[in-house]
């Protein structure tokens, strides 16, 4: 931060702050040749995965902007999105109208869950990430109670393809044929044999514009202030708690839409665990992109998605070819995603402590020159 | 009347609510054609199985490191110890003892490294310990496949490389402690060995907190600045508490397995952390203060619910709600505890 | 130039805090463009007066105030700081309220950014307006130029020198529309000489622009240079109000500190035989937030009661905390002739020193633990006392019986009012808690005892008992006591010599019997004139 | 106050959008049955072979006592029925405009439909 860093220090700083993405680029470069995938296959895979995941990962930007760290509670939004999809499949609303209706249904649910999550996080200031992580599990319990026991019975869901044979509760895998890849094929484009889902990219571009515009609004500015120093923001008259709740609500609603886009690309909904997966993978992706708990930009999102999913695709094959155990690759993939989050969090916490000490030293300012010449 | 209110304030609302809920389950058991004796035995056995795991939470909470979501690290050391002992083919009581010794050694080393790391990230211990736990479990999954284990009882049938997901303890130290001095009354067997073992471990932890280091550790937990001003090395205390928690975690999993009958490898350690954290919070512990009574009360209540809900509720509502209730109760407890206003843990 | 129009008038303001009188009919007038210097010791009532002006909630919560506050001829009663801000009164606090990661412009405009309208606002609320950065830039530059200083508007505050941060805060207040009165609380405390001069120049420019200024500072030289009129407060009463040109620094110091001369000297200080040097401190620096110590050297003789005085925030509290290793410190300390390893509380305790911290609840006590724990903890940890050891010392077991005996003993000696020695400390009164901190220190039976603000926040009766106990321990056991306090009278009544600390340095060391205004001068940052170092006999 | 009015308007608009999406995207499952059927006294004979094509899509041929399922989105559709004997030569071709309501499962008896003189035929069925 301070100007008088020598070149080597600047280099060192660069490596420390981007340790995670660099480490990742190295791993992927090693794994790609070993996995034996063709270039076109990988490029096609990356493009589809960018279309599928970036909306979800982008939804993580707002809570970081407001200083609430990684929103492990995005799982709440994912659940709301899935409930929306369950209803439109039951009513068999297909095509783009079906997806739009699913999003409309998920919005009020997300807003409610967002407000709940926001107010809980306000009561656990300083421990936001741990609390949102466990709140995700808690709401998951409620979600299972609603989807596995109420739907079909109390909540009218009729289509036999959805409801379990016992008459209530939703099956754990649902085919979303009516809406499969509807956004992706909205504006089909094929270059060589690589098809690019322009429709989804258009929606993602819209969200990026919204985020860029949002940062320029007063609300965005308030959030940035709160992230830096809650006390100063409060004394300047900014409603801190309300602003934090708004940032969580927006993030949850966006996560809901992101999950709908993710599932329309996948084509099938695994009712009881796809939302957990998206939570972990999105957070791992944004961290790999170089984001930290207190600072994240749109490039972090896209770099992160590409790097994470490249590793995700490549590692099982690499594991298989290297040690002949496909399962190894599977575990390797999980190990990398959790390991990355752990390393990124540790690095960040460690750097924050170091910055605090640095700040203290700069505060000493006047004293520093006063250091007695020779310590006897 | 106010004596009742006093009791409620002292015990705290969550314990009272869940206590009544559990009581109602026990009362309703006979109507649901569930034999009281069997469910009581189940609760007690499960108490013995999980008691030490919940006990392992106490040192870290007392020293201010917060709830130990990194329990899987302790569990891994336990698994490693057990599997290596089985590889060496030592069976029976000797096998169990060697497993404990090996696991404690591994746990001490892992705990030391884990403690050093936690000291660098004061204030964010919980999130980081969760992900350290997760990534180390995944790392071990790879190791189970790669490590050169040969004993037929453990290795996959065909290829012969990599360990099975669940390995039976038959012929090794299955129910070593459970059957020790077990008392049979009708169809109700009382697992005395389990209780003695738990009592010994609880006594050791209670005793530790009476020693000089134990007292210092409690002080570090409730007010780190006070401890530092009195010449206590805060970081050393925190590291010791992490080592003890990890070692207790390792012993805890060994106790759990010998009663359960199988060693569960691969991702099973992940599901150990939350029940233990929820149980100690249910027992009334806060994020920086936990006592042995919290452990005992919490484990009985929590395991009681786990055993009673499937049998009683299923008969009534004809649906298996127990899994959902477990998730809601355990995670609800943790969120409740995390939102309590506690003194800001200053580094 | 000062116009005749009276901008602010406060008429016989009186205020009580829980029974003791803090302000007693203080009145003053402030004309447009006039600079008023407000001077007084800690606790003289300056901040309470300003809290009343700003309508801070702490005033209404503690029973409101008597008297009138009149602005532009109309009586006002502000319910909160935002009303005061709207009425055109701005305040710059001592510790900055700035957002480190924001630029100068963003900080000046904090929560008052100029915004551009868009249709979404109709539905989603006005906070969706976008920032008009162009307009913000020139508003900020207008405010900065009013101060007559050069600050780079796009620089991050975190990377700014301290002086620029101060100007950014002031610029923020200036940006308010109908800015009439500006209050500055110890603005020059963190500034270097040159930065302070620039600030004074810019204050003069503001007064020419017709803004009335209340300038609170303990640096009397600056007060004389800048202010048109000076108001001196002592113990809540107006001691003197006069134009700056008719008085001198010595005069103000006398008003500020001097009690009426005939204050009784009850018992004559018996000539104590002081032993040789017990503690030698050279070029001590301590990085304690808010109490930074820059370069302090002093010596303390055995059996002496050595006082450390000075205004709040000047670093006096940093000295004991630094020596005991609670905050990072450097320099050279010799205890009984041996060099003390610094930044290690355990080494300081082992060298025979003990410390009763000023922050009782934060550092001094384990609030949730019982009394006997609190008292015995330090001695148990450092000297392994009250421990039964088994298996050849491998296991050191806490001897609860001995611990409660120790606690009972001190409860009797210090007459601590409590149910029993097992009662958690948080249930006790301030005075009793302070006694427990003392007991904890005495239990270590230290040769050198540091005591910080021993009588802060406790009732009169307990104050006397605490001071008497300290004196008694000094006479009976010859414990050397080093007492830090912001109450000069208390120090003069008990200490042999008193060092006054100003801006992290020792302004001077005087015997307790020295004249009050000499102390006043030392406190007022007049280091050069009365530098004569009075060494104890 | 002005803002709450706007918010209510926005919510109303969103609800309307939802309804519109529902109508626009509703997929009806239409079962075309080709069996003998008697309806209040009159029996209709099922043809040997019937070629069914909605909105000009490729024809689906079903035989006697057979049925075919079609998934139609939208409320009005062009239906072309080609009736043929068992060796496939066309006896007659009937074109109708079908109007579907919002019901999800609709069953159609082809013989009865053939005899219906109406140019535009409204069909209904079960909502779930």
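Letters A, B, C and D name the chains as they come in the text, with residue numbers starting at 1 for each one.
In the analysis below, contacts are C-beta pairs under 8 Å (C-beta built on N, C-alpha and C of every residue); 3 or more make two chains touch, one makes a residue touch a chain.
What you see is a predicted model, and the numbers here were worked out from it, not measured in a lab.
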Contact-richer chain pair [A-C vs B-C]: A-C
Centre-to-centre distance between chain C and chain B (centres being mean Cα positions), rounded to whole Å: 49
For chain B paired with chain D, centre-to-centre distance based on mean C-alpha positions, whole Å: 62
Computed distance of Cα centres, chain B from chain A, in Å: 31
Of all residues in chain D, the ones touching two or more other chains: none
Pairs of chains found to touch, sorted by chain label: A-B, A-C, A-D, B-C, C-D
Residue ranges of chain A in contact with chain D within the complex: 88, 91-98, 100-101, 104-105, 107, 158-159, 178
Chain C partner contacts - residues on chain A that touch it in the complex: 1-3, 213, 216-219, 221-222, 224-225, 228-229, 231-233, 235-238, 359-361, 363-367, 370-372, 375-376
Residue numbers on chain D that touch chain C, as the complex places them: 2-3, 6-7, 10
Chain B to chain C touching residues, read off their complex: 210-216, 218-219, 222-223, 225-226, 228-233, 289
Interfacial residue positions of chain B with respect to chain A in the complex: 69, 117, 120-124, 126-128, 130-132, 134-135, 138-139, 141-142, 145-146, 162, 274, 319, 321, 323-324, 327-328, 331-332, 334-335, 338-339, 341, 344, 347
